[in-house]
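What follows is a pair of complexes built around chain A, which joins chain B in one and chain C in the other.
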Partner chain A sequence: MKIFCMKKDLNEAVSSTQRAVSNKSILAVLEGILITAKDNKIILRGNDMEMGIEYTVAGVIEEEGSVVLTSRYFSEIVRKFPDGNIEISCDDSYKVNIRCSNSNIDLIGLNPQGFPEIPSVNENNAITLKQEILRNMIRQVVFSVSIDEKMPVLTGCLLESADNCIYMVSIDGYRMSFRKEYILGIKEGVTVVIPGKALNEVARLLKEDDKEVSIHYGKNQILFDFGNCKLITKLLQGDYLNYKSIYPDSYETEIEVETKALLDAADRANLIITEDKRTPVKFEIDDKYAKVYSVTDIGRVEETVKISKEGKDISIAFNPKFIMDALKNIEDEKIKISFSGSIGPCVISPINSDEFSYVILPVRTN
Partner chain B sequence: MKHILLVDMNAFFIMCESLLRPELRDIPAAVAGDPLKRTGIILTANYIARKYGVYTTMTVNQAKNVCPSIELVKPSSGLYSKCSNQVFDIFRRYTPTIEQASIDEGWLDITESTDLFGSPFDIASRIQNEVKDELGLWCSVGISENKFLSKMACEMKKPLGITTMYQKDIEKMLWPLPVNKMYGVGKATSKQLLNVGIHTIGDIANCDKVFLTEKFGSFGSYLYERANGIDHSLVGVHQVKSKSISKEHTLAADMTDINQAKKALINLAQEVGVKARAEGLKGETVQITMKYSNFISVTRQKKVHATNLDKEILKAGYELLEENWDSKKPIRLIGIGLHNMTGQKAQVSFFDNHIEVKEEKIEKTMDTLNIKYGKKSLKRGSNL
Partner chain C sequence: MISFSDIVGRDAVKNSIINMLDYDKLSHAYILTGPSGSGKKIFAKALANAILCNHSNHGIPCMNCVHCKSAVSDGITELYQLQTEGNTIKVDEVRQILKSMSLRPTQSNKKVYIIFDGEKMTVQAQNSLLKTFEEPPHYGHIIITVNNEDSILPTIMSRASVINIGMNTKEEVVGFLKKRYDDNELIELASDYSEGCIGKALTIISSEKFKQTREFSCEYAEQLINKNEKKCFSLVKEVNKDNLDDFMSVIIKIFKDMVVFKSTQNDIFLINKDKKVMINNGINKYNINTLLNVAFILEDTVNRLKQNASVKSALDGMTVKILEEFIND
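And then the complex of A and B:
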């Protein structure tokens, strides 16, 4: 095998592919990136058996062939090369020579035969949407996936389609993020649970521009096709929670508040809260103001935020992280918060949109 | 410096009874578990009876021996909690920071009230007079800077006493007292203390703290601090979480009917639940205690899903009673408790048992109402 490509292109391909390579595996080949030069295409692949990434690099093939290079070294080498042309060649015994400018590096490669195949996905089932939209959807939902392996299905996000819209939901047991996007022409049909880890990688690969991404799904895998790059991941099996039932039937208190004012108040109240103690932030809400405060060994913070309110006064406490995570991911200037009692679910949503909402469960106080 | 009052009602039960039967004021009288039965015990004797040597926990039989003319009255517990509520209403005129220690005793933090109502002594005498004039009941008051010293001060003069003892006074007032007079020291501890040559509270105060800690663990440092007049616990705030919570009740008459026993458990289970919820604790074991008429007591327990709900505690209690009831063996005392306490998970979860959450809401609401309007102002139908 002998190929030529630009450092910039190769670096992007390697650093993307590397995300699907396991750092430690019993199989050496799984710690590597597979380079294939065939049919005028240079393709890099990483596969940790949960998720695979395939990246097509622009370049010139002088001699077809393939080899696996240990990702850790290969990625560092490429990253540290100067800008310019890189030449990679490999002999029959998988000894690899990499040259760039005045550098000349030999690496021991591995036989690509043991490299696991990336499974194929039914190309017919497809949803196509703007990369930027999917990126926003993931960003607004993925932070509340569960990290508790006891309920594996909750370590992923639910992706569901209905007529003319798609939904994404994540629930970690204490909070839920819900995001809806109107996409004309989409039909009801998909209901899959995508691992949170893979979605984070998808978000990383998505560009903030007008390009499209197409999503193909089967029973066990889902594929995100970005054009020159594809990510395929296993789906999580098992029934997802009936998230619709999480919303309370009625609310006792509803307030409207400026997002930033409340976020800043919660942020400052959080300053004196240490991770290990996990003291909640308390909210005392009357007709005109929300008093946000925290009391710990370090001191006391009290913030007053102007609000408008309907319904009863309420006193309620939350894990400050949950509140801040939700508020940080809302771009709207004003939000509505609906409370259903001091130990019932609380719903945060923008005022003029049903495109997203967060449900947060409070902390009991005595 | 803080100002704390401990108000303790004098001979509370019998004084309450005297409100209904004024003639009891002038003769030796006591409230006793079923006075007709010889095995009943004296719950509270009035001061005339005390002069004859009648004391609480004495059996009716013994009391009649030392004071043949004693008038014995059956307990009417509803009356006592009503009177207690009225007493605490008077306390609330002077401060919102109140901790009820028992039905007839409470701590008041009046630090912020002195500008309004005068010196701690003024407040103490106003409370004492108002309790006496408005309710016809007697109380003693201890005045100090913390809960422990106020309790010790209150014990010094009864009935109708007002005793002031601040930290500066302890050498003269507290230290000469024998260890068994110290609040928190029972028979077992005082025996252990006597064994190592500690006779007075002053001996504890001047003892090496390390020695006490080695001998009694954390209780040792508790003793040392209290004997030196140090107590940082706040009025109204339970700082120490209970390891277990139990309530028991000595029955007015020995009992052989399981249905009566079940009825007795309802109140007790509720009291246990209220306390557990207030402390934010749940227990994984429910235990019942039965003391038979021959004074031998047995405990029986069972595992439950961690709970602090009255209903669940009671359900386990019923099961234990049914499994262990012997109608041939009359019982004189019954108790129920929660053990193996776990902190309640503060963070509410979507996976919480929703029925339990609902039940918790109901019981919390009941607790709040009962705090606001007085114990037992709201009861379950089964308990009527």
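And then the complex of A and C:
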């Protein structure tokens, strides 16, 4: 094998594929990145048995072939090379030579036999949407996937499509994130649970531009096709919670507030809260103002935020992280928060739509 | 790739498992029990391959599907194995392998998890299995191999199908060994000592340690017969945890030979044919009742050792009692 590519292109490809390579694996080839040069295409591949990433790099092929290089060294080498043209060649005994300007590196490669193929997923089962939309959807939902292994299905996000809409939901037992996007003519009837870890990688690979991403889903796995890059991941097994039943039937209090003002107030109240003590941030809501305050051994922070309110006055406490995670990912200037009593769940949603909602359970205070 | 056709004998067990496969009546969890060296590992792997192959026929993998192809080339399969080098299997190790259970299989329609030496699992490790045992995904199967059923929690036992894989007949062991070794005398000895476990027979036939221990045990037996107490006690000191099991099994077989030879006067039943001189010496000196009493003493000692008695005191006690029997004869 003998190939030439630019450092910038190769670096991007290697750092992307590297995300799907595990440092410790039963099979030595899985600790490496597979480089295949065939049919005028240079393809880099990583696979950790749960997730696989395939990246096509622009370059010139002088001789076809394939080899596996240990990801740890290969990625560092490429990263530290100066800008310019990189030449990678490999002989029949998988001895690899990498050259870039004046440096010359020999690496021992591995036989690519046994490296898992990216399986084909039914081409008909595909949904297509803009990369930016999917990126925002993931970003606004994925932070609340559960990290508790006891409920494996909750370590993933639910992706559903119905009624010209695509939905994403994640629940971790204390909070729920829900996001909906209206896409005319989207293929309906999808219901899959995608591991949160893989979705984080998907978000990383998505670009903020007009390009499209197509999602092919099968019974056991799902493939995200970004054009020059593909990510495939196994799906989680199990019935996802019926998230619609989590919303309270009625609300006692509803307020409207500026997102940034409330986020900043919660952020400042969080300053004196240490992770280990888990002191909540308290909210006291009356007709015109919400008093946001926290009291710990270190001191006391209090701030008032202007609101407009309907319903009863209320006093409620939250884990500051939950409130902030939700508010940070909201782009709307003003939001609606609906409370169902001081121990019932509270729902953060946009004022005039149902595009997203965050349900957060309050902390019980005595 | 290991399949049921690689397993010698044990037709009843094999057929019942193959029937389960044929009628698609698989349990989500199996516990394979049997003494060490009886072939639990090979059974577990054969069962796993038969489950994972999408077109297996009477328990024999098709060798053509995704699973078979990648299993043959040591590639990636949906078989996850937990084998420990240490003395215990900790809760984290079990959690680690079960973590992937919730991800759907891609290389086959099923996923199989094998935990070898299940008796090494700590109580916490076993408890961490419970949830998966109660509601496994439809594609998941767990196989645990166990030497000693008593160390598995009843809550786990009751949720799995327990299969005692049994042992081979002496003829099967001999037949198996004859394909690999030439020395008939050694084969005969190994198959007698193996108690129907091919694995055990193979260790006996190939290990120098067993031969040394056997010579050592015969020396001890000889000194007992000659009532040379000083020598007996100094020999018994050299027994340690490593060779204890072999030591006791050899001593028991020697005295069994004496009892059998004394009552039948026929040497075809002898296990230790090469030690015939010593055995003859023993039966000439002592009468049958004494020899039987010695056998009881040995049995009692084995039981005490199983209950974790100190090796030194148990063996010293045994030596005293046997010498007493011989002196009173």
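Keep in mind that, in the parts below, the second predicted complex is superposed on the first by the 365 of 366 C-alpha atoms of A that agree within 3 Å, B and C clash if a C-alpha of one lies under 4 Å from a C-alpha of the other, contacts with A are read in each partner's own complex, and residues count from 1 in each chain.
As a convention for this text, a contact is a pair of C-beta atoms (placed from the backbone, for glycine too) under 8 Å apart; a residue touches a chain by one contact, two chains touch by 3 or more.
It should be emphasised that the depicted structure is a prediction, and the values quoted were computed from it without experimental measurement.
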{"item": "Side-by-side fit of chain B and chain C on chain A, or clash", "value": "fit"}
{"item": "Touched partner set for A:219, first chain B, second chain C, both or neither", "value": "second"}
{"item": "Vertex chain A angle, Cα centres of chain C and chain B, expressed to the nearest 10 degrees", "value": "80"}
{"item": "Which of chain B and chain C A:246 touches, first, second, both or neither", "value": "first"}
{"item": "Touching partner for A:343 - first (chain B), second (chain C), both, neither", "value": "first"}
{"item": "First, second, both or neither for A:363, with chain B first and chain C second", "value": "first"}
{"item": "Touching partner for A:237 - first (chain B), second (chain C), both, neither", "value": "second"}
{"item": "Chain B versus chain C as contact partner of A:311, first or second or both or neither", "value": "neither"}
{"item": "Which of chain B and chain C A:171 touches, first, second, both or neither", "value": "first"}
{"item": "Chain A residues touched by each partner, larger count belonging to chain B or chain C", "value": "C"}
{"item": "Partner chain(s) touched by A:280 [first = chain B, second = chain C, both, neither]", "value": "first"}
{"item": "Superposed arrangement (fit on chain A Cα atoms) - minimum chain B/chain C Cα distance in Å", "value": "17"}
{"item": "Overlapping contact positions on chain A, where the chain C interface meets the chain B interface", "value": "none"}
{"item": "Partner chain A, residues of chain C touching it in the complex", "value": "70, 73-76, 95, 99-106, 131, 137, 139"}
{"item": "Sites on chain A touched by chain B in the complex", "value": "171, 173-174, 176, 241, 246, 280, 319, 341, 343, 361-366"}
{"item": "Complex contacts: residues of chain B adjacent to chain A", "value": "278-280, 344, 346-351, 357, 360-361"}
{"item": "Interface residues, chain A side, partner chain C - complex", "value": "27, 30, 49-50, 113-114, 116, 119, 149-150, 152-153, 155, 195, 219-221, 234-238"}
